[in-house]
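Below are two complexes that have chain A in common, paired first with chain B and then with chain C.
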Partner chain A sequence: MRIQLSATKVHNDFIRKVEDMSGQDLLKCYQCGECSAGCPAAFAMDILPNQVIRLLQLGEHEAVLKSKTIWLCAACQQCYTRCPKGVDLSRIMEAVRDLLMLEHGDRIVIEKLPAETLAEFPQQAFISGFRKYTA
Partner chain B sequence: MKRIGVFICHCGINIAGTVDVKRVAEALKDYPGVVLATDYMYMCSDPGQSLIRQSIKEQNLEGVVVAACSPAMHEVTFRKASAQAGLNPYQTEIANIREQVSWVHQDDKEAATRKAIEHIKTIVEKVKYNESLIPLSLSLVKKALVIGGGIAGLQAAIDIATAGYPVVLVERSDRLGGHVGQLSGVYVNFNAARDLLQSKLQAVQANPRIQVFLETEVEELGGYVGNFTAKLKHRGSDGSEPTFSEHTFGAVIVATGHSLRPLSKFGEYGGGRYPDIIDALTFERMLAPDGPTGGEIRRPSDGQVPRQVVFVQCAGSRDPEHHMPYCSKICCMYTAKQAALYRQRVPDGQAYVFYIDIRSQGRDYEEFVQSAMTQHDVLYVRGKVARLYEEDGKVIAWGADTLTGKPVEVQADLAVLATAVMPAEGAVELAQKLRIATDEHGFFSEAHPKLRPVESLTAGIFLAGTAQAPKDIPETVAQASAAAAKVLSLFSQRELVAEPTIAYVDEELCSGCGLCIPACPYQARTMHPWKHKAIVNEALCQGCGACVVACPNKACKLRNLTPSHVLAMMDAYLAEV
Partner chain C sequence: MRIPYYPGCTLSTKAKGFDQAARQSFAALGIELAELKTWNCCGATFPLSRDNLLDLAGPVRNLVSAAAEGDKLAVACSTCFNVLKRSNLVMRNEEDKREKINFFIEADYAGSVQVLHLLEILRDEVGWDNLAKAVKKNLADLSVAPYYGCMFLRPPKEMGFDDHENPQILENFIRALGAQVADYPHRAECCGNYIAAFDLETTREMSYLILASARKAGADLIVTSCPLCQFNLDRWQQDLAMKHGGFRPIPVLYDTQLLGIALGLDTTTFDLDKHYVDPRPVLAEKGLI
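Now for the complex of A and B:
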């Protein structure tokens, strides 16, 4: 399927939100591929980390949302450490996950959980650290 | 008999690794005429040259043979060393036992050694017959011709005239400035091209030593370095007959610029049929304040401001199958500039640049391209556009994003092609008139790609700007100044010195048949007006020997390569070792 590029598509709301939430300029990336080259999880990914940014640059976020890659990213920041342009890809991955989760809403309603269960819960910050694996 | 010294160079292991240099020295020691035969690690080194100088003095040598590398490499070195010891430099000859012996016979050391011995003996025989010669002095006209009034020609003319020498600047169109005069702002700072050019034009106009001829072309160029004669053709105004003028010059700078691959050559991009598929120079005129739209970006078909613009790089470049195989070098940079300027003037517009690779070599160039992507939001797509066509008032671009591996399509309002830089129209014909070489595309060839990049192979003719190869403004200006510096170093001499090892005519033997005149490839032969004997123009003669072969009376000879020389050399070669 041929991708239809247009001004509205490459600057769509989703892309804008990703940039806002991650604080990253997607167009800074010049697609050298060093993020993919160093990523310890790349072997298991369906699209490479650099392709996540590339698809967002083209306004093709649907393809990113469907990918396993955003969930396999462990936010180890190897990519950011090595990026010659200082793009923090893990933040972009996080923004995409957050947007997806906001779209789907929380699956757990805290109020409905029994008090004794709640008492055994760890701190929220700890939960948040694992949250991306549960959405 | 002449007292001759033979000096055998090891050239490290280049020669000594194959040729048994000790055996060669031993074999030459007792050869008739040889009073000294010795070897040394590097004859061209300071101690090597001292050995030659010292031996000349101590042994009263009257001839020297250096068995070493090609004379193209070190003939000058060893002749100079001989001269320093008081020996006429033309009594020193090279026997090339590296390129012609050791390098080509590495697998047979015995044969290489024997060949080296034979080879040196022939040169010893030659030296026996060598005359002491004095270099020729030629007069020098200290006035330059600059062909082409673009930025290269302007710069070269300014530099030469500022140094105090008169310049004639010829331009075939009706205005100076060339392509730079057609540009809007230049990368990497968006400075107005007009202002850059204006400073050069003012310098030319203010300099009384520069004479400008517009609508003028070089009709003929004769003569040689220091003494060129040029016939200039001045186009008549209003269709009247052209007029001609004749001038003499000491040097010529060729700065005739380039042309662009026409849109008609790109069938896949509409072949020039669609008004909204234009080349980058047309877009440049659109961006220029003095252009047809007064600097407003409006598409040609309906005058609307284009909301989406597709830029296609490498249109006709890097395409050996259909177009030009080379990189046009300037397109990556000006495309980034044009896309950025478009985004500045149409803030809500979207620019796409389709590219194969981005080549941004130069100070601040890479940063400039990246600023087009980040600051000006230009979307770069890696992949060459396969097809452009118009449909319902849109220009449809079919490309691919090779980074994601997906084909893409853009429905644009305007497409701008970065068409290949080509030689200027008539470049090959001009090269023939000037007797300079061109490459397979028609760009003028430099004498050496690394070490003589601004000289042509014809002495006294220099190259500047895109006439030689695609290059941008700073490179063009640098080359123009370099060519001017070459002219000035020529003009700083009182007279020209030339090699005396050229042809001469024995008037006693010459019958005036004239066969040598058409045989000469350098137009160095004429007939004496009343003696009716062939004469040699010493400045033009390159000593090739074609006249010697053509002459039925053996009246033509080359200095230090007469029949006596050659026959003695043959005898030495054919003798039993």
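Now for the complex of A and C:
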């Protein structure tokens, strides 16, 4: 992928909001890849966890917004726990999801969830899920 | 001893056996788990945005209720434990947020309550040696795989007990009951959490890695203290057995169910029959029920 860099792009509003909401400094990450190595959902992701941060560092947030990855992060915090720089990637994922949903609406329509799912899953799955997939 | 107790939403509905086994086992050990007079859902997830204080209002209300009844709060579910413990730390350490939340919920709370997981109470109040003495059944022939999941240990700075990469509390619990510990590498990997309700294909494979790893280590069953981990690990094993040749389903029990069984309690209210992979055959084979 060819990426063109510019100061305005790298320091764009979206990136600043992500840093503010998550309380994380994106430039702390030096791309060691520990987060992707430890992520139990990485096998199903289209962009790896470390690539999420790299793209945000470069101002390429559109690619992150389009990814499946942000919706597969279950905030288990394995990445944060193992990060040698103390970057809490699950907070970054949450900020990206929230910003996206605030502009484009919720990820799920609660009324459309299958009746069997609603009947069978434990309550906490919905309470957490609704908090993560709606804004 | 009487300790205020927070059951949480799932233990009052889908995981009643977990709750019943907790109350009865602790009663047998001389500890009354006294359900809070008023409580509400903890929110089931700790908000990760810095300015999302609204999601802290629910858990903090529970802590306020607990403070009215004592200085400790016992929690069985590891997700509730995570949310309540972290919310408590916000109230204890972050003055600005504390003021706003107190103002909003009309309280004056500063994090005085000690939020304790049931396993911590067994370790610190009862003690492993005393627990071992109270065991009535012989579990020596049972191999148990401890499953921590994510919420119990992480983030370690806040959860603050046990080693997050090499935790021992469940292992010590299993040993105190007289059973063998099945050592396997996936005990603290995430099972897929709430993603399961929305992207089952992904999380089923996440659960499979954990289950297969426990089986490979020779486990007869798995114990956990999270109702969502229990469901995710338990529910899809028939499908997994069809997909992955050679996989044998493995029962997933709550820690308190195994505790009650080891203490020789009547298991009628433990809902052992409600598990998807029936744990009763292996428990009967080992002479435990």
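Odds and ends about this structure:
The rule we apply is simple: the second predicted complex is superposed on the first by the 105 of 135 C-alpha atoms of A that agree within 3 Å, B and C clash if a C-alpha of one lies under 4 Å from a C-alpha of the other, contacts with A are read in each partner's own complex, and residues count from 1 in each chain.
The rule we apply is simple: contacts are C-beta pairs under 8 Å (C-beta built on N, C-alpha and C of every residue); 3 or more make two chains touch, one makes a residue touch a chain.
This is a predicted model, so every value here is computed, not measured.
Between chain B and chain C, the partner in contact with more residues of chain A is C. When both complexes are overlaid on chain A, the residue A:N50 reaches chain B alone and has no touch with chain C.
In the superposition on chain A, contact of A:M21 is made with chain C only, not with chain B. With both structures placed on the common chain, the touch criterion links A:A95 to chain C but leaves chain B unconnected.
According to the touch criterion, chain A has no shared surface contacted by chain B in one complex and chain C in the other.
The touching residues of chain B, when paired with chain A in their complex, are 307-308, 348-350, 352, 370, 373-374, 377, 379-382, 398, 401, 403-404, 406-411. Against chain C, in their complex, chain A makes its touches with residues 20-23, 40-41, 43-44, 71-72, 74-78, 80-81, 88, 90-91, 94-95, 98, 108, 113, 117, 120-129, 131-133.
For chain C in complex with chain A, the touching residues are 8-10, 13-15, 41, 43-45, 47-51, 55, 77, 79, 149-150, 154-156, 164, 188-190, 192-199, 201-202, 205-206, 209, 227-228, 231, 235. Taken in their complex, chain A has these residues touching chain B: 1-7, 10-11, 25, 27-28, 30-31, 50-51, 54-55, 57-58, 60.
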